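Okay, so chain A shows up in both of these, paired with chain B first and chain C after.
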Partner chain A sequence: MTTGKQLIKGNTAIVEAALDAGCRFYAGYPITPQNEIPETMSWRMPEEGGTFIQAESELISINMVFGASAAGARAMTTSSSPGISLMQEGISYMAGCELPAVLVNVMRGGPGLGNIAPSQSDYFQAVKPGHGDFHIITLAPHNISEMYDYTFDAFDLADKYRIPVMILADGLLGQLMENVELDRSRKPALLNAPKPWALTGASGRKGQRIVSLLMQPGALEKHNMDLNEKYNLIKKNETRHELAGMEKNPEYLIAAFGTCARISKGTMNIAADAGIKTGLFRPITLWPFPYEALKEAAKKVKKVFVFEMNLGQMVEDVRLAVGDDSKIEFYGRPGGGVPTAEELFEFIRGKVK
Partner chain B sequence: MIEKIIIAGSGGQGVLTLGMYLAQIASFEGKNAAWLPAYGAEKRGGPSFCSLIISDREIFSPVVETPDTLIVFDQRALDNYAGKAGPGTLVIENSSLILEDRVKGANKLLIPAGEIAGKLDEIRVANIVLAGAYAAAKKIFNTENAAGVMKEMLGKKAVKMMEKNLAAFREGFAFASKPAERI
Partner chain C sequence: MAEKIVYKKPDSLTDKIFSYCWGCGHSTVHKIIAELIDELGMREKTIAVAPVGCAVFAYDFWNFDTTEAAHGRAPVVATAIKRVHPGHLVFSYQGDGDLASIGMAEIIHTANRGENLTIIFINNTNYGMTGGQMAPTTLIGQKTTTSPAGRNIKQNGYPIKMSEMLAQFESVKYVERVKVTNAASVIKAKKAIKKGFLNQLNGTGFSFIEVLSACPANWRMEPLAAKAHIDGVISKYYPVGLIKDIK
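Moving on to the complex of A and B:
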């Protein structure tokens, strides 16, 4: 196509990003609304000389990724909300073993099997995953370009810090097709970086192990402290956000991520036409959450409107950042409800009268 | 400009493909396009639906509430989506599969896309008849681009299918260009 733009689905963009980033191992199990990922992987991965496996369950998928990562591969699995619940044990083990991997959650409504409509129901299980005292990096795209870019970035982040990285998308971003110009000239920075910790056969070197069980007195506490040092480094280096509209000195700030942030950009335009100036704070990393940047932005406004496709999950982190509950107004749609830009504007108008 | 479209019909009629085709033409012409399907229990004969927004500006919410154009392939789609049509909505109906027109007072274009495709001896191009009709009715595309985009989308199938798809587009375009057909 002459414009250099291609029409691509969010789920497909994730596949192409993973392959461009050098991912050569994928294991997954079907679940709507992310099925185009394993479907496309099933033929694209062999084309690139990698391994695609449709595992018999999500538990097996995450543990296959565990094994591939331990052997030094760039590995990935994807699922949707109920499937991610099943993977939480494996995610905790990988965090304990300090293994890199990229995970994608194309969220749907819950709890339980819920439905297959777009939702942001899993903010909690993304930023507070599994058992044990650990974190994973979570990136939240809000358009199809970012589905590609953040997935690509995730592989380098995972290798750099030896940590699982999750892309937190939703059914709308997974199913949506947009025409985008993807920058496919980028090279993954750490693709060929040595992984001396990997289990590649002990011929010519001392044997080594990758374990998360540390039974010697004090050993686990020291491990937790070492992990914490790494987490502090990630907080310092990798916290990301987008702040829009502040140049017009808005009276109000909208805080939203992913699809809700995208819809909120439409709301900002409607509000501007009605003479209400708003800014937008969009966390890109949900962990580490950009507390400091939000705290600073919130100081400049009268109110912070928090919009989510759930009944209030990210709003807890917004409260911690803002430190003044009287400033915060929350509006959410659970169970697959997708708000319109007009609906969010009506909420704002009702609160600022 | 911004053009919001809802396309509805049944699985197997090319509902999603029609949306993708219009999105590809828009993309080819440098506009932004956002295509969103209903997904889940898709099957041949079951309800099928997609929405499409075409704009020369950034597209925020890709969800279409009130469409500028509603394209319906059959009676069930019309029954389900007629309520989405607003006073300014153009409703394009495949009259070959619609017995009872429930849309009152709207700007309508009734076109027997199924019969036109049947005359071309290829019922599968009925969706492209509707694409031609849409192009004539809304004039947001340069129709010269329709063939090139079609060829690219058909890929290897172009050898066998290009001629009939192109004929379908032209028939739909010609039909909708006749003012008498507009109700």
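Moving on to the complex of A and C:
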């Protein structure tokens, strides 16, 4: 893969972005619809001089990533919904130990084994990802360029804040091929930044440790407060969203992320042709959620339409941001259902008559 | 007359006093490991993985780099560390609840992949840290807090012999079971762990050392009685000695 315009699959874009960002350790376990990632990693990672391991479960994947990250490497694992459930233990430990890593969830339908169709059923899990009082950064791409860009950015974000960063994609974004212009000239800003906390052998110093177990009275409470300070800094510095169509003073706002946001852009065109002006609010970081920006945008419209490929998960954050439930209209398709732009437009039309 | 140092606390131990119970094997094995790492000149190139269990605090006592791992996951955490730092000495130190129960998949696949690691397996036939519950290694008839009438074959199956099981894998190069009940057995245990470390340093591959270790508090025994219990009872089911050694 080279710089410039090319036809590339979402899952492949993630592999190339990780390698360009200096990821040199990958562990993964087969699960549809993300199999192209471990498959491609199995030969691309050795080409770049890194380690690829086909783990024997997602539990093993995430704990290998824990080890690689503790040892100072840029590390990644990927999976799909049921596999992410198994990784929640490791995600919590990494959050507690403040270990950077990049995780990708190419979501499928659930609960349980569900199906292998695109879904946004794991929004809750992505923004509330495990036991204990912690957060991870979650980025939601909505096209193949962003699968590359956000994955690339995720490694610097992870190192900057010593935090796991999740790319929340779905089966559609993983499998879709798009003709995209990739900027591969970027260099990861923090790739060579020192990691004094990493375990590299106690050369010229005392032994150091990576732990989340803090048994002394008050120690864990202090750790939680320190983490919270970091989370507040992330909220301040890294909250991202896209706001489109506001220059036309729309009466209505659509709030959607990922694939649903992409479909909603088609809906906006159909609505415009029908004389209904809409704007789009697309959270890019799902945690931290762009509450303030959405609150401001919502003030300018009569209604906020929330579209998701689930039965209402992000809508809870939208409600918190908007602060006026009477303004909110939700439409969702669960279980691998992917709405069409027309379908979403019909929902809007039905509500604005 | 010049002084000659014949014995001192290893540099690989911190000044923290061991907090393990009287008669517990952990402090002995921690110290053996620290002595060996000093002797091998590896203090600055060692990364250890501590378990969940009583030895979760190993990093308080070892003066080299150590990470925690989630319960049972130590071998795969160690795998990744070793792959990132192939020239370092990397080992996991795990109890029987950690390694033989919740971490069974991790240890089997790490062994089968033939990772160039050393695994030190402390078998005290129960979950020590949580108060003495039944482990997969608990002996038949042994009373624990979750087998108050004694381990029952019909309900719980037989105690797992991890060393004998792992020795079956082609990729496993060295397996030995030792105990730490008296000076002679401690010297043998140290020799075995040294061999496990050397195997890693010279690239021989996966080594597994099982240490039969006393848990007087949970066995409801005095320290000396607990050690005698290993010599007289436990090592009958889990015989000490070399199980596999492939050059």
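Keep this in mind: the second predicted complex is superposed on the first by the 349 of 353 C-alpha atoms of A that agree within 3 Å, B and C clash if a C-alpha of one lies under 4 Å from a C-alpha of the other, contacts with A are read in each partner's own complex, and residues count from 1 in each chain.
Definition applied: a contact is a pair of C-beta atoms (placed from the backbone, for glycine too) under 8 Å apart; a residue touches a chain by one contact, two chains touch by 3 or more.
Remember, it's a predicted structure, so these values are computed and weren't measured experimentally.
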Dominant contact partner of chain A by residue count, chain C or chain B: C
Which of chain B and chain C A:V318 touches, first, second, both or neither: neither
Which superposed partner A:L7 touches (first chain B, second chain C, both, neither): first
Partner chain in contact with A:G171 - chain B first, chain C second, else both or neither: first
Contact set on chain B toward chain A in their complex: 20, 23-24, 26-30, 32-37, 39-40, 58-63, 65, 149, 152
Contacting residues of chain A [partner chain B, same complex]: 1-3, 5-7, 32-33, 116, 171-172, 175-179, 262-263, 265-266, 269, 338, 340-341
Touching residues (chain side chain A, partner chain C) in the complex: 25, 27, 51, 53, 55-57, 59-60, 63-68, 70-73, 75, 89-90, 93, 97, 199-204, 206-213
Of all residues in chain C, those that touch chain A in their complex: 12, 14, 43-47, 49, 56, 59, 62-70, 73, 76-81, 83-85, 88, 105-106, 109
